[in-house]
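In what comes next, chain A is part of two complexes: it sits with chain B in the first one and with chain C in the second one.
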Partner chain A sequence: MTSMTARASFIELDARARAFALLDGGTARELCGPFDRIESPWLEPQGVVPQSDDGVVVVRGKLAGRAVVVIGIEQAFQGGGIGEVSGVKIATALSLAARDSRAGVPTAAVLLLETGGVRLQEANLGLATVAEVCAALLELRPLQPVIGVIAGMLGCFGGMSIAAGLCTELIITSEGRLGLDGPQVIESEAGVAEFDASDHPLIWSIDGGAQRIRTGLADTLVPDDVAAIRAAVIEGLGRGVPADHRSGWIDSLGALLAAVDPTDPPEPADLPAIPSKGDER
Partner chain B sequence: MQTLNFEFPADRPPARRAHVGVAGSGDLEVLMTPGPVGVARVRVRTSVDGFDTVWRVVLERFFARHPVSAGFELNDAGATPGVVALRLRQAVEESMEEDGK
Partner chain C sequence: MSASRQAAASARSWTRRRAAKRERLEAVEPFASGRVLDAGRILDALQALLRPGDRVALEGDNQKQADFLAEALAGCDPKVVHDLHLLISSISLPEHLDVFERGVARRLDFAYAGPQSVRMAQLLADGKVEVGAIHTYVELYARMFVDLAPDVVLLCAEQADRDGNLYTGPGTEDTPTIAEAAAFRDGVVLVQVNELVDKVRRVDIPGDWVDLVVASPRPYALEPLFTRDPRQIGQVDILMAMLALRGVYERHGVTALNHGIGYDTAAIELILPTYGEELGLRGKICKHWTLNPHPTLIPAIESGWVESVHCFGGEPGTERYVAARPDVFFTGRDGSLRSNRVLCQLAGQYAVDMFIGSSLQIDASANSSTVTEGRLTGFGGAPNMGHDPHGRRHSSPAWLSLPAGEPPALRGRKLVVQITQTFRAGGTPAFVESLDAIQVGADTGMPIPPVMIYGADVSHVVTEEGVAYLYKASSLAERREALAAIAGATPVGRNLNERRVEALRRDGLVALPEDLRVDVRKAKRSLLAARSIEDLVTWSGGLYDPPAQFRTW
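Now for the complex of A and B:
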């Protein structure tokens, strides 16, 4: 039976509104906000208009009474691209959560991942900060869960998809997408015969949220609804720190790669049947 | 990209600062900070060059109706005059709300 109450779309919210919508009412406090004006120094000299928060929103607060930091990437600014400042904001927020956790104030993290990866205008600095993000995530995740949320519509690609792969758990919608290289990158690098970036059913049959759940690369499929996503995050946090993380399943993930013949790739519908998924679960 | 600076007479102090919008395609970000009474100072950074006159006209019309004495920083990614007017209006409304962020 469908709910009588109207759904409140999460996708239609910007990053700041998403972070505030997840947290318990009255507990949210933004750090390094727009009025701190910590914007990218690299964009203006290249003729790109900067944004006052460099496209990353960091909000401390409580979720179901538990201390968390929500880190949201704004997909409308530079395609959610990670630059020096935005990347360091993410890495530092995760590091501080780890420091607080070690100091007796357990602080979990929620990452709202809508990003095309590293911002091209800050290429090397962006790559370096993505490495810092991954290092900080690995610092925090043995202490407290790091829950990734890919709600859409942009999805999570490039360097930040590696950070997504390191998350304790990943929550995704059917509209969300997850992939290392985005469809247009694959098409421009390997040709339209390899991947047709205008073929939306093809994109969602590989990168789409429902398929990423079927192939075991994401954990919880949720509808585009604020209450449902909030509930899924709370459940994920409640499961705590697992004995082993998906990114540690080297053997089973390697077996997955070995099972695919690139000269005769499987149909998207056959991908979930490839063995090894969850063997170690 | 182009940076433009404007000043308009303004005598209504806002209750608090306000932040609205995103510097994303077709939209703009507005930061509004209370300033000295008497003047509204506007700095526009826009991705589209050559629209100085349009900006002046749009802002003149806005501050004639809403003479809010504040500093306005606009980070624009090609918003239309209609979107610019709506975002400014939204910033002014937010600055008057009881429960500001």
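Now for the complex of A and C:
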């Protein structure tokens, strides 16, 4: 059991520590860090104490010798909510990686996604920046891989789950969750009969990492361990840019939707059996 | 004896309770086949069984609930069944209070009302319920053998056979005690069971004590009250755990103990295999425990710290793990845990050297209570564990390390330790000038204020600031100063001057982290042997099955 006490948990780390833990020792350099004091101007008037990095950490460095930018969303600040500043930080980092890649310095990206989506306090501005994030991701991914990591415990929901869907590859833990609407949002919008947000087995049987792997919406299942997650990211980067991306499989994803009758939804256990990407690939 | 007195004696019946019991059982015959009641006719059966004014013990303790019978009782027609006197150890279900609202019952003796504490306070204010007394668990059971003998007891168990033999499963808890109080004084014992079987897995209660069983349409409710998710343990809890380990456990060589259910004590359990190991304390402290199968104790058990654990009750999800560790836990021939609340309370009072737990409020004299404004929570078992029993006569090094008594009758003393952060969530101070309990007691007309643990019994208080050795205080004033020295910026702590704190440290009444050689920088979550429920499952070798609400995968 010494392995239990010696193991380094990735989930336990905050966004900054996660980024530094992934990068090669001594190569990490934070951009637009807290001492640059780029804060959201919208929070204080609404009685929320802003944070000097606006909850997003951008770190450049090398991963297994390869130039990457790691972009981490801090789940402890506003539930990982994306606002105007934090969204632009993500979008700009991705765009600059694309610019560098075109200029002969190939720079891949790693997104650490722990987010409930757009920050409610910055509603439309947040939505707009999520669109910018998606556009920048689409700009970079034909040039260099963009690897998404959903480690937990918050998971990846809302607008940023669309960005997750655009990633070259998604790495997820069993604790991680991925979904467009979070359980509480579904429950409050559609009622507890539609989705009971206190039912943990139900939540993880749909949004959970293991199920997202089984249903082909994520690629690599990893344990909560820094070394294992780092190795999975390096492997994903090593596979490079694929011929086509998951988000391009419009027909097969459409067929998935068509196969589900919302008036008689399938049991979570039956979801993996619905024809998915594997049949097309 | 004169002739006339002899005649009077022979005219008096000495078997009235027995006759009444026979009558009751005859009245329910139409609803039963042998000892087995028809679940579909439980309401009619209860109405036939009960008489107005009966004293009824309804099993409800902090974990398991005879909920099917509680529901049936609440559904009784108040014209037929009324003015019952209920004995309930823990008022946990809404039905427990519906019984009063509907007029089926009038008088109540209880020990704890956690989940229903707000409504309980309201019913009392509305005059819907007359409270006899608020007890601790064992006091309430004790009175069932003295002046509160029940006429009917409504219990729950896992299995029964047709002869009434009962298997309670790991959560034996209070059931045999309440059954005994009725069975041997001609009360009626009625038990709801999860299943009727040909042969029970083991006999926890002999069929000879049981009059009636009914197969409940659903398993009885069971709460995982002792499961603490390590993810909720913060750095301050870990710092306090380190201070407690060095300043109390190590210093006094505590080998036999009981833990409360807070995150702070869970943190202590989880740093034994890391920090405790580093200090070389394995085998020197924390060997014998009286507590439920806390999942957070699994890493310490697996690392060889724990020799024995006796349990008040079970804990959902730990069944397979406990069954696989019979050298540590008390298990039956069938392999599963055997718990017993009364015996564990007895062990907790007389056989262990230390109780450590947290409280919601502590006053300047170290009195503590979980009763706050508008809530009538009661006591549960904490006051029994959290006091120094003067009936103890055997000694141990830990007990003797706290000198007590007046010469020549010198003795030792139990360690009663309170552990709490100076401020609770939301900035509420844990240390207050006056307990809310004092006001609540006065408002509800209680004969004594509902103090959970008396300051005079408290030997140590641990906060993130340090440890106060209250047992060393030579006067009440000194005790209050020692407490103030670790009470931080709360109303109790903020007025003590630095020089007094220095003096108290010098005299050994207070120890700060540096006095205990506790490196505050080490208080990190990486010190926890398990940082999540998943880690506990891994530690258990896959034997621990956490309840659904604790699964995050």
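We adopt the following convention: the second predicted complex is superposed on the first by the 275 of 281 C-alpha atoms of A that agree within 3 Å, B and C clash if a C-alpha of one lies under 4 Å from a C-alpha of the other, contacts with A are read in each partner's own complex, and residues count from 1 in each chain.
We adopt the following convention: contacts are C-beta pairs under 8 Å (C-beta built on N, C-alpha and C of every residue); 3 or more make two chains touch, one makes a residue touch a chain.
Values in this document were obtained by computation on a predicted structure and should not be read as measured data.
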{"item": "Which of chain B and chain C A:44 touches, first, second, both or neither", "value": "first"}
{"item": "Touching partner for A:114 - first (chain B), second (chain C), both, neither", "value": "neither"}
{"item": "First (chain B), second (chain C), both or neither touched by A:84", "value": "neither"}
{"item": "First, second, both or neither for A:201, with chain B first and chain C second", "value": "second"}
{"item": "Contacts of A:34 with chain B and chain C, given as first, second, both or neither", "value": "first"}
{"item": "First (chain B), second (chain C), both or neither touched by A:210", "value": "second"}
{"item": "Contacts of A:219 with chain B and chain C, given as first, second, both or neither", "value": "neither"}
{"item": "Chain B versus chain C as contact partner of A:9, first or second or both or neither", "value": "second"}
{"item": "Shared chain A contacts, counted only where both chain B and chain C touch the same residue", "value": "none"}
{"item": "Residue ranges of chain A touching chain B (in the complex, touch as defined)", "value": "14, 30, 33-35, 37, 44, 47-52, 74-77"}
{"item": "Parts of chain C lying in touch with chain A, wherever the complex brings them together", "value": "231, 273-274, 299, 302-303, 525-526, 529-532, 534-535, 538-539, 548-553"}
{"item": "In the complex, chain B residues that touch chain A", "value": "1, 17, 19, 22-25, 27, 29, 31, 33, 45-47, 73, 75-77, 101"}
{"item": "Contact set on chain A toward chain C in their complex", "value": "1, 4-5, 8-9, 11-12, 152-153, 173-175, 198-201, 204, 208-210, 224"}
